[in-house]
Amino acid sequence: MTDAPRHDGRAPDQLRDIRITRNWLDHAEGSVLVEFGRTRVLCAASFTEGVPRWLKGKGTGWVTSEYEMLPRSTNTRSDRESRKGRVGGRTHEISRLIGRSLRAIIDTKALGENTIVIDCDVLQADGGTRTASITGAYVALVDALEDARAKGLIGKDASPLVDSVAAVSVGVVGGVPVADLDYPEDSTADTDMNVVMTGSGEFIEVQGTAEGAGAAFDRGVLDSLLGLATAACAQLSALQQEALTAPARERVR
Amino acid sequence: MTDAPRHDGRAPDQLRDIRITRNWLDHAEGSVLVEFGRTRVLCAASFTEGVPRWLKGKGTGWVTSEYEMLPRSTNTRSDRESRKGRVGGRTHEISRLIGRSLRAIIDTKALGENTIVIDCDVLQADGGTRTASITGAYVALVDALEDARAKGLIGKDASPLVDSVAAVSVGVVGGVPVADLDYPEDSTADTDMNVVMTGSGEFIEVQGTAEGAGAAFDRGVLDSLLGLATAACAQLSALQQEALTAPARERVR
Amino acid sequence: MTDAPRHDGRAPDQLRDIRITRNWLDHAEGSVLVEFGRTRVLCAASFTEGVPRWLKGKGTGWVTSEYEMLPRSTNTRSDRESRKGRVGGRTHEISRLIGRSLRAIIDTKALGENTIVIDCDVLQADGGTRTASITGAYVALVDALEDARAKGLIGKDASPLVDSVAAVSVGVVGGVPVADLDYPEDSTADTDMNVVMTGSGEFIEVQGTAEGAGAAFDRGVLDSLLGLATAACAQLSALQQEALTAPARERVR
Amino acid sequence: MTDAPRHDGRAPDQLRDIRITRNWLDHAEGSVLVEFGRTRVLCAASFTEGVPRWLKGKGTGWVTSEYEMLPRSTNTRSDRESRKGRVGGRTHEISRLIGRSLRAIIDTKALGENTIVIDCDVLQADGGTRTASITGAYVALVDALEDARAKGLIGKDASPLVDSVAAVSVGVVGGVPVADLDYPEDSTADTDMNVVMTGSGEFIEVQGTAEGAGAAFDRGVLDSLLGLATAACAQLSALQQEALTAPARERVR
Amino acid sequence: MTDAPRHDGRAPDQLRDIRITRNWLDHAEGSVLVEFGRTRVLCAASFTEGVPRWLKGKGTGWVTSEYEMLPRSTNTRSDRESRKGRVGGRTHEISRLIGRSLRAIIDTKALGENTIVIDCDVLQADGGTRTASITGAYVALVDALEDARAKGLIGKDASPLVDSVAAVSVGVVGGVPVADLDYPEDSTADTDMNVVMTGSGEFIEVQGTAEGAGAAFDRGVLDSLLGLATAACAQLSALQQEALTAPARERVR
Amino acid sequence: MTDAPRHDGRAPDQLRDIRITRNWLDHAEGSVLVEFGRTRVLCAASFTEGVPRWLKGKGTGWVTSEYEMLPRSTNTRSDRESRKGRVGGRTHEISRLIGRSLRAIIDTKALGENTIVIDCDVLQADGGTRTASITGAYVALVDALEDARAKGLIGKDASPLVDSVAAVSVGVVGGVPVADLDYPEDSTADTDMNVVMTGSGEFIEVQGTAEGAGAAFDRGVLDSLLGLATAACAQLSALQQEALTAPARERVR
């Protein structure tokens, strides 16, 4: 590593302050306000009986996600996708990533013919919204499953969860590989990688991108980034477990 | 009135717990998390220089609003309007109402050729989301104007605000006129009226509706409801003033 | 009141020439060309057996409305909403208002599992198109019900109509409260209110709006406007009854 | 020909009752309610200065058309294209046909950089709506040009009109070639042809279609249909001239 | 005719080089790459069991078509209709024409409750794309029917084909009637006609258009064009038969 | 590696037959039909002067891409995105990936204010359509740049290309890491990774995904896959160079 300080004084492998607030909402079966520094995402897990038509009668459940940014989550206001009449490519891409990440740790057979939709709405964006979303969505998902179990919608002994999942962004900023980039870092990074990992330390998604001409990276850089991500995801997994075992606010129903 | 208790024990003219948290966001020029009981709306005011094309060169500014509900703000999940590819009638209707209400207390000449968009995103819905939005949006608007003044975007002596604005719903529930209906009351009300008033006690909007066959109401009921609304809006105006004079969290920029 | 003449010489409480022509179309079960001065709306009521999916099996019917303006109904041509690919907020708002107004005088149980859609297409607009639509739609609705009764689609003794409905706009123009504003009046009014009432003199909808900064109105003005509206709706109810009892053109089938 | 009577008693070459009512609207520069029997189309011609961007600076004008059917113009109600969010293929096809037909008789150089849009809205449909639209649109177009000349928007001596245009449908019904099919005939015709002709008897469009397997037609049938169409269009041209020389209702402005 | 040479040296009645390559695709039940000179269209016939909802239970099948141009099939790139969010009028019009043309030679009763969709995607456009599409689509349709017969999806003795179909464009270029216009000819033609004919020499569609003011054509021109088209379609029918009897590439499955 | 044969007999690191046909189209400045076995993608590069509005005056060019599948490129027909009125998430995602990959090897300053759009239309899909698209798009891009240079649209000495780019999919099938998966392999793979590399052997994009519960992969697997991809991309780079130095068909203009 290097002693070049990051703009906010963090060490290269240091995460921002992470906060996971469970049951932030009263209606949703599971809900989490997850904060990675100033990035703030509201994750709401909705459990419903039944599955989409193309899955009916197969005895398996479905987990999916929809991601969206509030218009003023960003530094300058963006137009609403609902007003534009179409969902943008980036929004689609991230929604699909979150859904795939969650399905990688869910045994849909054990879920039965039930559907869980995780809405990840970015209230404030400061880099890493997709990785914060995945990290928060997992906790909301666990609570929604617990709620369903308590209501008898899934069997007492069913274990749809096969592992936990967390995600982090890593990248090369000013020549230095760092973890958990905030927006100022992200917007100047040469290379940017989002890594999704299980609690047991395996990879679910690796998405690395060289941004612009001449930014292609070699195997050595790739290896450093994967190392940073592995350590960061382990920390996030621990924080998720901590949040899940601490007592949460009661939902007002 | 009557001694029939409301389902949450409130008196007919009693508001829910109202909370107005300023600067809930860091990027927006003005932002408020407004809570009417469990109803929770995030109001973000974005100030930008310039006006829409149809206003250019006329020396006047523009204030508008966009309202939307998060998919799981409600008791059961609703589809996103962005995914459906079109904004629903109710969403349009409420966005327009909020915009009109704010323009009724803004001197757009004094604003100069600047635009303020107030995004009202319902994080949790429990009745009265449009009236909470208007009430919170006013406070966010004041902060955005103050921010613009501090940055020199509007003159030090310009006073675009000609009054304040607050709103409340009133209705007849179980035969009794009551103020600030929550969702269980709203869904069983015969008559439902949204009233928007200035701080000086005049009417900006009166929207009363009889819901379904046989629910038409006479002049006496209308008069009772207008009386309840007048008293409630006066209370809300006082709470807005209190919030605006109390010290607010510093935005992290 | 005042002796200040209106631009077309009407007294403050005087309606424009109202014409209600039944059976203007041959295919529709009920149809009315309604004219409030130069405002001309074609109201077509379509009766179909069955109800939308969300109502099936509940034993109740459904009444709804769709309002739209022809592109050259207005002084300068407007783009078609079909070409723009989306229905505007104002169109949605008015369609919903008409539907609610009609449902307020319909016993949907007595209608049985049948649907009536009232299309209100503005052929020429000169102010008050929504109130003319409601006034005309009621007459078309009555004819459609009569047609359904004649065909045996609803019982001979079923009485889905619990009252009649008419609507008028009132407003403050040049400081004077007046009824049935035409476009020149409407576009200069400080306050504009649409009032929908039953034939028995009760309120279904009251929608009053202050247009722009400093236009908020006090209780005294509100009371005057409600008085004007009550008198005007009574006249319109009488004209509806007259139209319904006069012989109508035979439909060519 | 044959002595087999048509269902409404017309001779094979006999048109329905044709009515052309000028200035049916007050705002539009030219407007016509055209009736071919029960088919009733409102044609509104809007004259505006300027041309679409792709024509700017070329010194030529533009004439175009938009056709649409009201939802209850037909025997059973159709959904609105604005609500479906897209314009159907048939609507596009007919709009384009009307526009091309009018441009075939307009010298766009002589029109100058001005645009005329002809809206053809079908109020009631009983077959032949596109040919009625073209026939009526021509008359509305003439009136709009006259209005523009009177206002000095086109030169006193400019003659944008190079001819007149009318249209008719012809087809083979029950083995017999007939002119001006109504809906019952149209829906049972083997062959259906729409023919657009100039006042001087030349062809602008010929669109013949065999409907379904085994309906292909030979040259002899084609020749008969072209003969019928030529005679019918000549009659329609005469009726257009008659309408244009008769005094029309004054527009109320 | 005349001895004025066409820009590519063809005689007035001479077709371009026509190539029909069967089984250009491996997945589709029938597929043809059809070339009329530089115009290149990929026609893929998809056979599926079942029919659209509105045809269910009537014992008849359905044949339809979708036409689209690749963005760079043309000389300068056009925007994709999928990105614009709506299908243009011309695309709709041509899709409908191809579908009607094929249905004119199909006995849908003999097809049984099966659907064939023919996708005609223009890979390169040089005039006559719609007529090339029809000509190629017929061959793909025959192969798809043969494939269905081989799989036992339609009866061994069922003969859904009642005839063959081919199409050609004819037009007046520089005063001379010519057949099979390429793009340079098409874009300068006064009159343009698309003619669809059966193998037995009857007409399915005749669509003639005068392009712009003063281009209307008389009966003599119309007769010449119909003559050219009849001869050209006969040649195309022969080429289709030749292609269908020659051995085709095996599909790789 | 292993001696378990792949279903088509290839060795784990063996590519399918790769064919790169330049100038497959006549209009496009660069065009390639690229084939990876049965996967067949038409890549058309369109060079236009000028840049999108948000880049104007910055002295840099723009390279972007649009990917789409023909409806019958797949084993069973898919609906067209143009008809559905919206572009799907997968299509957006891949279009963005191709664009980013090309921009990583383009010096947009050296390109000047010019835009290159690469349309990648999948004519037949058998796995690896996105990696075939990138591999073919590069060759079309080189030809389009050469064409622009020949026309003097970019300077004779300008070198916008800073490297070459190729892409391949790798994955774990039946426990064995393999390169260039076809559809049967892709649909059964546990892990699927798309890797985009420069000709000089550096990474532009790494996108690895575990498909479904329990498919998360460890660092060892990731390392094997990266190794396979590196070797495969080197082969593809060589084939691209070979295609670019071989003589190509002349475009017919």
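Should a chain be cited, it is by its letter among A, B, C, D, E and F, assigned in written order, with residues numbered from 1 in that chain.
The definition used in the following text is that a residue touches a chain if its C-beta (ideal position, glycine included) is under 8 Å from a C-beta of that chain, and two chains touch if they have at least 3 such contacts.
Since the structure is predicted, the reported quantities are computational estimates derived from the model, not experimental observations.
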item: Partner chains shared by subunit B and subunit E (touch criterion as defined above); value: none
item: Given subunit B and subunit D, the chains that contact each of them; value: C
item: Farthest chain (mean CA position) relative to subunit A; value: D
item: Same vs different contact residues, subunit B with subunit C, by half of numbers used; value: same
item: Chain pair showing more contacts of the two, E-F and A-F; value: A-F
item: Centre distance in Å when subunit C and subunit D are each reduced to the mean of their C-alpha atoms; value: 32
item: Inter-chain centre distance, subunit D versus subunit F - centres from mean C-alpha coordinates, in Å; value: 51
item: Subunit D and subunit E, separation of their C-alpha mean positions in angstrom; value: 29
item: Rounded Å distance, subunit C centre to subunit F centre (Cα mean); value: 59
item: Subunit D residues counted as touching two or more neighbouring chains; value: 85-87
item: List of subunit A residues in touch with subunit B within their complex; value: 25-28, 31, 38, 42, 44, 46, 48, 66, 68, 70-77, 80-87, 91, 117, 119, 121, 123-124, 252
item: Touching residues on subunit C, where the partner in the complex is subunit B; value: 86-90, 92-93, 95-96, 100, 103-108, 162-163, 193, 197-198, 200-219, 222, 226, 230
